[in-house]
Every structure is written in structure tokens, then in C-alpha cells.
Amino acid sequence: MISLLAKAGLQLVLLLLVAPLLSGIIKTLKARLQTRRGPNVLQAYRDIFKLLRKGMVIPETASWIFSATPYIVFVTAALVGLMIPMTTTDAPLSLFGGVLAVVYLLALGRFFLALGGLDTGSSFGGLGSSREMTLSAIAEPAMMLAIFTVALAASSTNLSEMAKVAVSQSWKFLAPSQMLAFAALFIVLIAETGRIPVDNPATHLELTMIHEAMILEYSGPYLALLEWGASIKQLVLMTLVVNTFFPFGLSADWTARGLGLGLIFYLTKMVLLACLIVLVETTNAKLRLFRVPELLMVSFILGALALISTFLF
Amino acid sequence: MILLWLLIVPLAAGPLAFFLRRRQLMEVVNLFAFAVLLCLAAALGVRVLRSGPVSVWDGFFYADALSALVVLLSAFVALVCSIYAVGYFRHDERSGVFQEGEDLGGGRAINKLREYYALTPLFVFSMILVALANNLGILWVAIEGTTLASVFLVMFYGRETSLEAAWKYAIIGGVGLSMALFGTILTYYSAHQALGTDTLAGLNWSALVGNASQFDKPTMRLAFILILLGYGTKAGIAPMHTWKPDAYSEAPIPGAAMLAAGVLNCALYGLVRFYILSSKCLGPELASHLLILFGLLSMGVAVPFILVQKNFRRMLAYSSIDHSGIMVLALGFGGPLGVLGMLLHMTFHSITKPLLFFCAGNVQQQLKTDLFREAKGGLIHSMPLSGGAFLMATLAVTGAPPFSLFLSEFTILRAGFSRGYLVLPVLFVTFLVAIFSGFLIHIANLVLGPDPGIPAAETCRWKKSSVVGSALVIIVMGFWIPAPLFRLIQGAVDIVVSGR
Amino acid sequence: MTFLQDPEFGDRVITLMAALVLVLQIAAVGQRWLVSSIRIFAVQSFLLAAIAGIIAYFNHASHIYIAALLTLILKAGLLPWFLERLVRRIEIRREIEPLINAPLSILIAGCLTLVGYVVAQSFYHPEETSVRAALGHNTLAVAIALFLIGFFTMLNRRKALTQVLGLLSLENGLFLAAISLTYGMPLVVELGIFFDVLVAVMVLGILVFRIREAFDSMDVSKLRKLRE
Amino acid sequence: MEGLSAVLGILQGTPVRWSISSGIPLVAYSFDYDALAGFFNLTLAILAGAVSIYSFGYLKEFEGKRNIGFFGFLFHLLLLSLTIVFTAANALLFLIAWEVMALAAYGLVTFYHEDRESRRAGLLYIVMAHIDAGCLLLGFALLIQVSGSADFASFRTAAEHLSSSQQAVAFVLFFLGFGIKAGVIPFHIWLPAAHPVAPSNISALLSGIVLKAGIYGMARIFLDGLGVLPSWAGLLVLIVGVGSAVLGVLYALMEHDLKRLLAYHSIENIGIILIGLGAALVFRAAGHPQLAAVALIAAMFHTLNHAIFKCLLFLGAGSVLHSTGTRNMEELGGLIRPMPATAFCFLIGAVAISGLPPLNGFVSEWLTYQSLLAGFGATGGLTRILFPLAGSMLALTGALAAACFVKAFAITFLALPRGAKSSPVHEAPRSMVVGMGCLTAACLALGLGVTWFLRVFDAMNEQLLGQRVGANLITGNGFVLSAGVPHGGTVSTAVIGIGLLVLLIPAVLLVSIGTRRFATRRGPAWDCGLPGLTEDNEYTATAFSKALRMIFSVLYQPRREIQAVFDVSPYFPKAIHFESEVEPTFEKRLYVPLKDLLLRFATRMRAIQAGSIHAYLAYIFVTLVLLLLFGVRR
């Protein structure tokens, strides 16, 4: 029981530290690709700490839901982080929540984020929530198909089991079903974390912003929590994609050596994935809102093909 | 002796009422006569159960379980209608309906009442005679008697439309009965071949049924076809049903109720008697094919008329066409189950149908119209008792489960399946559902709805007591059937199936 | 005078009279005058009474005599008188054009006779019927034909009175069938039937009078108010 | 009291049988209180308790206008008939109770029979109910014909020598009958019409438990009465379930009448239950009783959950209607301040119905997912692909349900009140809040304590499928729910709940850094420099669902009508009237043409009663001649 708490604490700290670092790395990489210096990698940490120390303004029309939303978003993201195998195959809370629990906990966070957006009474919040709920609804079946493909290989939805099975059959990731599932999940990753082709994280232009519109009214510590929660969610999803398809270097147990080695492998894999995301972001322009469902339909078809190919080949 | 008393009481009540002239006295005589009649009928039922068929005057009057059942039902209907008639005619007198007929030569109001109170006992007398007559010729004479008595009932109000209805009723009834007479003659001829006797017993039912198998086959086939068409006309089966809507919408409500519940039973009783003879002589195929054909045809004909009906009095007529179709279909399915279904249905129908007519009567008298368009709905506010009873009666008559008719329809359905049919029962249930929906939609729009502001009108004691009384009987019948009645029905089923 | 006892002679006479009744019936179908169709009905009833008398004479069945007598008095005498009185009081002499014009309706009457014979054919199996029963046998076909043509006249005519006449000729057909097939029903039944026919005609007579009163014409096709 | 007897029935597991014979042939008032009946009675008991507490407050408003006695009579008649339906052991008694339930519900739906709309909806309800009673009548008659007696026990034994064609016909009849009552997609048109017009406490009961009568019927007959059904039957149920789920939620999204939205959601949840039931049937046909038991638990557990949170949501909508007098969301808004308790209960209901963790909706959907996943391995051929596809459709439904309830909750309760509310809105009376409160507690309890509750299904599973899988569904010393497969998926809502609370502490600490230094101020929301935000700037329900309306326009065929009122030039309109409407495809394409065809045929048929006596005589004449010619010769 105690070792469980210790493992959870360790993974929580790791989670909280790496998440802003990763979003910082993505920002700087994108800037470098566009031949500009871009902000320092640690800029994300400074933003969060600056915001934590600021005062807050809450809109008059808002109710208790507005102030509860940041907590729920942050907490759900953190809890999901504890269920994902990051450096070792044995994630601390994996017994208590499989991949379905991960998906639905993220949905819970999104549910309250949308409510928070609508609570402000301004049309931006309504705009953001409506688009967010619509796109996530369309993305859901594609994600579920991809997850089913992977879960069926390990005949279990428990993430640690899936990771253990993936590690044991090392070259399995070259199988066509895994490749197709990876492609589907990658598109869904971009949609969920609000990257360029679906939503532009850096802008406040009403026409294009989805995620930003919902947190427009937040300020001070609440905004910090939300930003931090969003970056943890991004980290979690990227880890999910990485550790299920490329499980190299996942150590089997919680020894110090295993942890260190696992961490190094884990960070390199994350940076590589970040490069891939940045590459996609800079080469594509943002899609019109009603073109995004076609993109997600493509990912749904890929997921379905992945599923069929599991028992064809 | 009970048989003679059963006949004498109504026979005496008719002329007695005619000479009494004063309304209260006539009502008392009428009520008392029919009350006594019901007790006698019950006594007859018990007697038949205990000691088998009863006959008097060496077999001229003969009562077995089947006829006892029909007598009991006719007596019950007569009593309930007479209770209702008291309130109904008092309301008619007050609202001056008779004056309208007078300028057409209809005679003063009191003459109308005397006419009604004289004719109704004669009408009931001929219905009882139908059930008790052992001789098939006398059976025919009795049914002709019911027709003649009821022609005046249909002509009661003397309006142009009631004349038209009476004329159509008389002519179609006359044609139908002449076909029935022809059938009876042919039956006598085919029996004559086998029995060879010329005495009166030649046409007695008890004598015929014994050796029905040696009758002359082709004659018996033609005879059954003619009987089916003849008594079918009186029962209102499909191609011969056209007189029913006119007659029922023009006759006074008690008269119409007796026509619907009483004459229907007598006509079917006659049909069953000949069905037994023909199935013993020819085997059941011919009879069941024809009966099923006509049964489904009448139900089929009733459906479109109920769906798009504009007049609730005529809708009741189509509902009774539908029920005669159901009973004929049940007889067509045959076998112990089919016949049980038919007799159960006949019993429950005779109990349920009068209530429907009483509620329709109350509504018509209150709103002075029988068109759905003119009755603006929301009846539940001004007439809560008859509005609610109307809705309940609709559910009961269309065979909604908590009420008894559902049980008989379920037995008929099982009979259909046991005969190996599959498409027919499905058709049967579709018709039932269609009629249920048509009926309920019309009545619900009539009864429910915003308050049209008509003053509350449930005043007359007599009408209320008859509505509440028959409603109670229907509800009780849904859950529990008195054991002697059920044994009587089973006795009747044995007669029809084994043809004893 | 021996031929009076010879059943062969009786059979031939009966067939002749039945044929005559049938011819009269077909003539009535084409008839345009009210009074003359009543008279035709009276003659038919007389012939039927005669047939009944002959059968009674040959079979020495006493109760058929009573039936013959009743037919004679009732149908040949009383009813025609009652109907003619009714016609005189209503002062309508001419029957207007029937629904189907005269030649076509006569043709149809012919076909109906054919149908009558076809139906009667299925009964006639000469081998087993005794001579006595054969006596009135071929009159069954005539009876069925009478029945059908009577029905057709009711169908075809507009006047209420002629519909009543059609009904009566229908009854005549039945009476003929009864006496020819089974030498008359049991007496009580015969009486009952006569009584009912009488009352029926009385009732219809009152109705015709009231309709004449209300619609000031006997034309039944005007009765179309009660419709869906 | 009912609850107690229900639990007693389940725990024993042995069926309690007692019967009174009645005078009527074939109808024996015999009852069979076995596990399945016990479970449904438990659901009924919970709902009945909550709704009756709720009704105290709700009916106070009726005091003068309507006679409460009649309402009470119908209410208890409905409960009684439901209990009999669940426990009837005799087919005929089942049918009688079934129709009495329909009639009582009809009486309650048309309780406000003043307005035409509720009368029309009531009639539609009773006609559809009678059609499904007709199908059941035929089905039972067929079964009785085969088995000889009308007892369910005899059906069980007679199931062996049902020929496959008879079994197929019986299955279709029963699926049609129970499907109409459960509001499955092609036959659902009465549900969104009837539930909104009924008084709220009744529509709660209707959606909660009366729909479940159809599910109970399917479970009783398909699993118990007809023997082992072929796999195509299970697949049909599954496909219809998926169809109902997806279409139900899609139609719900477009509604801006609160109670119609909830009614469409009932269709969606019935679809999810059918997915579970279909999977159970397919597994049983493929010979995997173990997996069938898990799928059946998923279906039955979702029945219970749906009964609870749908009833909660309807009661919430009822209290909103009670206070504001309108169901149209466009006129509501900002109700969370005057009605905090109702808002909180509605929120819990919304979270539960969208299947979000720690609550009970998530658990039953999780079980359904696990059974669908297991289906991939268990079934052969093309059906293997069908199960994961059904899983993805289930996910789509869940996400759309979440979107729909964000809209429902936010537009009704959050931000500024939209309509010009004349009277000040007051919180629902205490008894209504208590009614909702205990249902909310039930949601939480079932969500978190699911593992203790699973043993309830053991007796039922053993009776229907002969499997006791309760034990291996619970591992990890009683906290974790597993999918019954070794190394299979596991989830523990209890730990998730605790985890959420524990992680709340660091979050609160982080926030307190800022709030200790500066007081949080309340200021106006950002209005891009316009003179202050009014309720007109807020998002409306139609706007919220516009994105989805455009994406699924092939299904909705949306129709839009914009009239701009302007005096000088069209570019400066004084007022714009916007009206958009979604096409009710099922009604327009299927039911209305059918009805018109029937009525046109009926009016044409009226010609045969055209009043001329000659025509009437001609009918008889022709029949006579035909019969003479053909009848005699044969």
C-alpha cells in the first residue's frame, strides 16, 4: 500500500515537471522551424508561476461551476497521468483505471471546461464550448476504434498489461494494424490537444480559437491551473501514443537504475514525437471548422481498417 | 312449467301495458314483468344444469343449456334496457321530441309511450320463444315476430329518416327471413327423406339432431347456405349488414340496445342450431370455411366505417357488426375452443353492449345531436358519470384486456391457432387493433377536452342507476365469472360440439 | 274417369300449372301497370292453391287441403283486395320506368330460371326417389326460379308497393317448394307462416302509406338521407 | 415496503410462487417472484419511493384545479400493474396487467386533457401500446399453442420442441411488441410526444420504469421463454440497439424543449441496454454463457442506472417547469442562483447520463464496452467486426450525450436568465428537493459502491443463464471491478473518487498562493468594448447545436428561415426573425403517409353504404346467386 503511494507521488512529481517543459519545447521547436529564436524552453514554468502569484477577476454572472472547473480539469488530468505507464510498464494506478477510464476522465474534464466557458455568459465561451464538444464528439469513435485495436491485441484494457504485452513482442509494432492504429491515434491526438490543423493554441482570434475561447475569462491562479492541466493532458495523450506503439526502454520495475534508464528513453521518445507534431503544425494551415469532421472521418476509417487488419493478416 | 311461465309473463305484460294508459303504471308493469322474467330465466338455468334439458307439451317447447343461456342473456338485456327506458322517455317527453314526429302523423306522445310499452314485451316474448321453440319452423316464426315487433320500434319517432330506416329494415329483413324459410323447408325435406314421418315431430330439433347423419347431403348443403344468408341478415353479417347502421341510429336507445344485444343472440342461436345439424351431416369443412369467410368479411367491413365515422350512434352499429363477425368467425374456427370462445363472447357482449348504448343515449339527449362535429368534446366536465362510463365501455367493447371481452377474444385466437391457421389469427388481431384505435380516438376526442360550458346534466336517477349498474357488472365480469354461469356455458359448448 | 286416379296425369297437370305460374311471373317482371301486376299475383296464388289441391287429392293428405284453402282465401282473395284498395287511395296508376329496362330484365329473369334448374339438377337422382315423391319433383326448379325472380323484381322496381309484391311472389315460390317437396310442412308451421306473411304485408302496407304521406311519392329510390 | 419485498426476492434466489385460481379458464392469478422479477421490482421500488416524495410538493399546485384523488388512483394503479407485470407467471395475467399499465399511463399522460396536444399524444401512446399488445397477444397464443398451458414455466419446457420457424416468428412478434413499448427507433414516435406532456412526476416514472417493462419482457421471453435463440436474433437486437442509441441522441441534440430532450435520451439509453442484451443473446448462441452473463449484467445494471438518473433528470425538469412555468430552454437561464439544489441534482444527473466517471452511468457503459470487446474474440466471421464497431458507436453516443447535456444544463441553469421572467423564480418546495436528493445519493452510491451491488445479479444470472459470475467480477479486495477475463480490463470508481479528492489538495494549495496575496474581485465579463453584456449576447440552445446540425445535415435536412425587418436598406435591419427546424424524418416519411393511405382507403370504402336500398338488396342477391352456383356443386 505504501509503495503504491510512493510510486504515485514520484510519478505525480515527474508529471508536473515534465508537462510544462514539453509544451515549452514544442513552442521553441516551432519557432526554430519558422527561423525565429522563440521563447526560452523554461518560459512555460515562468508563465505558470507568474500567474499563480497574480490576483483573480471572476465575471459577475459566473456561478460556483466557474470556479470549480479549473480544479476539476487539473485534477482529472493529473489522475489520468498516474494511470499511464510513463517510465515503467507498471503504472501506479493502472489497476484502478484502464484506457476507458482515461478516455472518460478526460471527457469529464472537458465537460466541466465547457460548462465553465458557458457560465461566463459571453458568446466567446459559448462558441468555444459548442465547437469543443462537437469536435470531441466526432473524434471519440475514431479514438475508441484505435484503442480497441490495441486492447484486442493484449485482450485487456489495462494499460500496464498492454504495455507488458507490447514490450514482450518487441517488433510487433511493425504490424499493419499497429501502424494504422498509430496514424488514427495521431490525428486524434492533434484534435484532442488542439494543435494547428484543428485548432490554433496560440491565437485569440474568435474565428479560429476553440480551446482558448473557453478559458478566455479565467485569470490568475485559475488560469495557471487550467494551463497546467492542459499541458498535463497533452503530455498524457502523447505518452499514451508513444508507450503503446513504441514501448522501448520501459523498465519492468521501480528500481532506481530502471527508472533512470526509462526516464532517458521516455524523454527522447517524447521529444521525437514533439518534433513530429511541430512538423505537422508548421506544414499545415488551420482547417475550416466544417472540414475538421472530414479529417476525423479519415482517422475513423484508419481505425476501422486497423481493426479489420488485426484478424485478416 | 317454467317454460310456460317464461312465455306467459311477457305475453301478458304487452296488452296489459297497452290498456293501462297512464305512464307510471306502464313503467311499473314493464319493470316488474322483466324482473320476474330474469328470475324465471335464472331458475331455468339452474334447472337445466341440475336435471338436463327441460321440455313441455311433449317436446313443443324444449330448453337445453344453449337455449337457457340465450334466454338468460335476453332477459338480462331486457331488464337493463327497461330500467334505462324509464329515464330515457321521461327526458324525451320533457324535451318535446315526440312533437317533432307528430306533424308527420306520428300520434300524440302518450300514444307513442303506449306503443313502446306494448310492443317491447311482445318483442321480448318472441325472443324468448326463439330460444325455447323445439320446432325449427316455430323458430322461424318467432324470429319473424321479432322483426315485425322491432319495425315499429325503428319507426318510433316517425321522422322521415326513421321511416326510411324502418322500410329498409323491413324489406331486407323480409328477404333474409324468406331465405331462412327456404332453408328450413329444405332441411325438412332432407330430414323427410330419412325420417319419412309426416307428423309434427318431423321438424323438432330433438328428433332431427339424433339421426342428422342420414340426411340427404346436397339438400343439406343448400339448406345451410340459405340459413347462413337468412339468419346472417338478422345477425347483421357482412354483405347483409346494410340495414343495421340506419336501424340503430333511428330507433330509441332502449330499443336499439335490445336489437343489438337481443336479436343478435337469437339470430346466432338459430345459426348454431343449423350449424350443428350441418356439421353432423356434412362434416365441418363447408360450414367452417363459409363462416370464417363471412366473419372476417364483416370485421373487415366494420373497420373503415369505424375509422372515418362522423356519427357515434352509427359507430355503435358498426361495432355490433364487428362483434357478430367475431362470433361467426369463432364458430367458423369450431372445435371446443372456438365454440367456447363464441359463447363467452356472446355472453360478455350482451352484458357490455347495452352500457355503450346508454352512454350514447345520455350524450345524444344532452347535446341534441349524434354527430362528432357538433359535440365539441370536453364532455367529462358536464357529464362526468356517463362520459367516464362511455370511455370505460369503449375500452370494454373493443376488447381491452382488463375487461372480459379480451378473454373471449383470446380464446378465439387460441382456437384459430389450434386449427393450424396462422394468417387468419393475424388478420383477426389487426382488425381488432384497428377498430380499437378508431373507436378510442373518436370517443376520447368526444369525452376529453376543454370545458365547453354545458350545464351539468346528470340528473335522472333511472338513467344513472342503469349506467352504474351495468358498469359494475362489466368490471366484476372482468375478473370473476360466477361458477354456475360458466357451467351453463360449458354445457352449451358440449351441445354444440357433440350435438347431443 | 279412371285417369283421375292415375298419378301420371296428376304429375303432368301440376307441371303444367307450375310452368304457367313461372310464365306469369316473368310477365310480371316486364309489367308497367300497378293494378295489373296485383292481378297477376292473384292468378298465381289461385294456380298454387290448385296445385296444392291436386297434390292433396292424389296423396290423400288432408292437412294439405287446409293449406290450399288458406292460400285461396288469403293470397288469391284478401291480399289483392287490400293492395288494390291501397292503390286506389294513393291514386298512382302508372309505375315509372324500372331501374333496368324491361327487355333486359326479362332476359335476366330467363337466366335466373336457368340458374334455378342448374341448382335443382343436383337434387334430382331418379334412382332412389319413390314414385310418390317424384310427383311434384320438377316443380322444385320452378320454385327456386320463382324465388330468384321475385328477389330480382324487388331489386329492380322503384315503387314501394311493387317491392312488397316482389316479396309476396318470393313467398309464393317458397310455398310451391314446400308443397312440392314435402307435401307441406307440419300444419302448425304452415299456419304460423301464413300468419307471419299476413302481418308482414299489413306492416308493409302501413309503412307504404306513411312513406306516401311523408315523401308524397312511393318512389323508394328517394329514400337516400341515411348514408355514410 | 415494495423495496423490502423486492430485495427479499432477489437475495433468496429461489422463486416464490403462489397463485389463486379464478373462475375464468386459463387465467390463473399465479405469481413467480424469481430473481429477474425481484430486480425489476427493486428498480420500481426505488423510483416509486422517490417520485411519491417528490409528488407531495408537485401536487400542491393542483390542489384546487384537478381532483387529486383520480390522479392518486391512476398513479397507484400504474404501480400495481407494473408489479404484476414483473411477477406474473401466467401469460394471460401478464397481458391483462400489461394493458392495464398502458391504460393507467394513458390516463396519466392525458391528465391535462384540456390542451389538444396532450390528448393527441395520449391517443398516439395508447394506439401504439395497443398495437404492441396485439403483437404480444399473437406471440403468447403461438407459445400457448405449442406448450399447452399458459404458464411461463411451461414455455421454458416447451421451448425445445419449438420448430425453428415457429421460434423465429415468435421472436419477431415479441421483439416487435416489446420494442414498441421500449420505444426502439422505428417505433419511437410516441415517446417524445407522450413524455413531455405528462405531469413531470409521471413522465419521470414513465421514462424510468414503464419503458423498462419492455426490457423486462425481452429478458423474460428471449432468455427464458424461447430456448436458445439463433445468433441472427441477437445481432438484430444489437443493430437496433445501436440505431436507437445514435439516432436517439442525435435527435435529442436538436431539441430545445427540456422534457422532449430527456424523452429522446430515454430512446438512446434503451438503445444502450439493447446493445448489452443483444451481445448477451449472441454470446449465448455462440455458446459462451460466461460472457453472456457479463453482457446481461451490463444491460440490467444500465437499466437500473438509467431508471435512476433519468427519473432524477425528469424530476429536475419538473421542478424547473414548476418554478418557471415553461419547458422551452430558450426562455430559461441563470436558474442556478435561485434554485441551487435543483441545479446540483440536475448536474449530477447530467454527469451520470453522459457516462462520466465516478458515477453509475460510467460503470454500466464500461461493462458494456468490456462485453463488446470480449465479443471480438468469441464470435466468428463477420460478426467479429460488428462488436467493436458497436463499441465505437457507443462512444459516439456517449460523447454526443455529453455535448447535449452540457447544452441542457448550461442553457437552463448558467449565465443570465434569457426570457423576460415576470415572477421571481423560487426554489422548488422542500419535498421535491428531498425526492431528487435521494435519487442523487442513489446515483453516487451505485457509482462508487458498484462492487458491493454486483452480487444482486448473481441470482438472476444463475436463473437465466445458469452462470454465477458475480464473484470473478470483483477483485482487489472488494474495490476493483474486473471484466471477468484474467488480466482483463479493471476499473475502480471508488479509487478514482478518492484519487480525485486527494489530488485536489495540491491544486487548492497552489491556488491559495495567489488568493492569499490578492482578494479575488468580481468584474464584468470581456465584452470587446461593447456597452456591457446583456442576456442577448449569450449562446442559445439552437446556436450551441448548430455545429452538429451542419455536420449531420444529411440526417436532419435542416430548414432555415430568416426574415430581416428593415426600413432604409437591407444592410441595416431593425429586427431579424430567425427560425430553424429539423425535419422529423420518421414521422414525415413513414407514419404520416401510412395514416393518410389508411384514411383515404376508408373514405373510399364508405361508398358501399350509399343509402340506396336497391344497392343493398343487390349485395345480398349477388351473394345468394354466387353461393348457390359455387356452394352447391362442390
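All chains are identified by letter, namely A, B, C and D, in their written order; residue positions are counted from 1 within each chain.
Quick note on the criterion: contacts are C-beta pairs under 8 Å (C-beta built on N, C-alpha and C of every residue); 3 or more make two chains touch, one makes a residue touch a chain.
Just so you know, these numbers come straight off a predicted model, no measurement behind them.
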Worksheet, complete the sentence: In contact with chain A as well as chain B, sorted by label, we have D
Worksheet, complete the sentence: Comparing A-D with B-D, the one with more C-beta contacts is A-D
Worksheet item: Taking each chain's centre as its mean C-alpha position, how far apart are chain A and chain D in Å?
Response: 34
Worksheet item: Rounded to the nearest whole Å, what is the centre-to-centre distance of chain A and chain C, using the mean of the C-alpha atoms as each centre?
Response: 102
Discussion item. Roughly how far is chain B from chain D, centre to centre by C-alpha average, rounded to an integer in Å?
Written reply: 45
Discussion item. Averaging over Cα atoms per chain, report the distance between chain B and chain C in Å.
Written reply: 32
Worksheet item: Can you list the residues of chain D that touch 2 or more other chains?
Response: 606, 609, 613, 617, 624, 628, 632
Discussion item. Can you pull out the residues of chain B that are in contact with at least two other chains?
Written reply: 167-168, 171, 175, 218, 222, 245, 305
Worksheet item: If you look at chain C, which of its residues touch at least two other chains?
Response: 119, 122, 151, 154, 220, 223, 225-226, 228
Worksheet, complete the sentence: Chain pairs satisfying touch are A-D, B-C, B-D, C-D
Practice prompt. Note which residues of chain C are touching chain B in the complex, please.
Written response: 61, 119, 122-123, 147, 151, 154, 160, 163, 167, 170-171, 173-174, 177-178, 181-183, 185-189, 192-193, 195-196, 199-200, 203-204, 207, 210-211, 213-215, 220, 223, 225-226, 228
Worksheet entry | Partner chain C, residues of chain B touching it in the complex | 104-105, 135, 137-138, 140-141, 144-145, 148, 151-152, 155, 158, 160-161, 163-168, 170-171, 174-175, 178, 181-182, 185-186, 188-189, 192, 198-200, 202-203, 216, 218-219, 222, 245-246, 249-250, 305, 314
Fill in: chain D-touching residues of chain A, taken from the complex the two chains share
12, 51-65, 70-71, 74-76, 78-79, 82, 93, 95-101, 103-105, 107-108, 110-111, 114-115, 118-127, 129-131, 133-134, 136-138, 140-145, 148, 151-152, 154-158, 161, 216-217, 220-222, 224-225, 289-290, 293, 300, 303-304, 307-308, 311
Practice prompt. Please name which positions on chain D make contact with chain A in the complex.
Written response: 334, 336-337, 343, 347, 351, 354-357, 362, 366, 369-370, 373, 376-377, 384-385, 388-389, 391-396, 398-400, 402-403, 406-407, 409-411, 413-416, 476, 479-480, 483, 485, 487-492, 495-496, 499-500, 503-504, 506-508, 510-511, 513-515, 517-527, 533, 535, 537-539, 543-548, 550-551
Item to complete: Would you mind writing out the residues of chain D in touch with chain C in their complex?
Response: 606-607, 609-614, 617-618, 621, 624-625, 628-629, 632-633
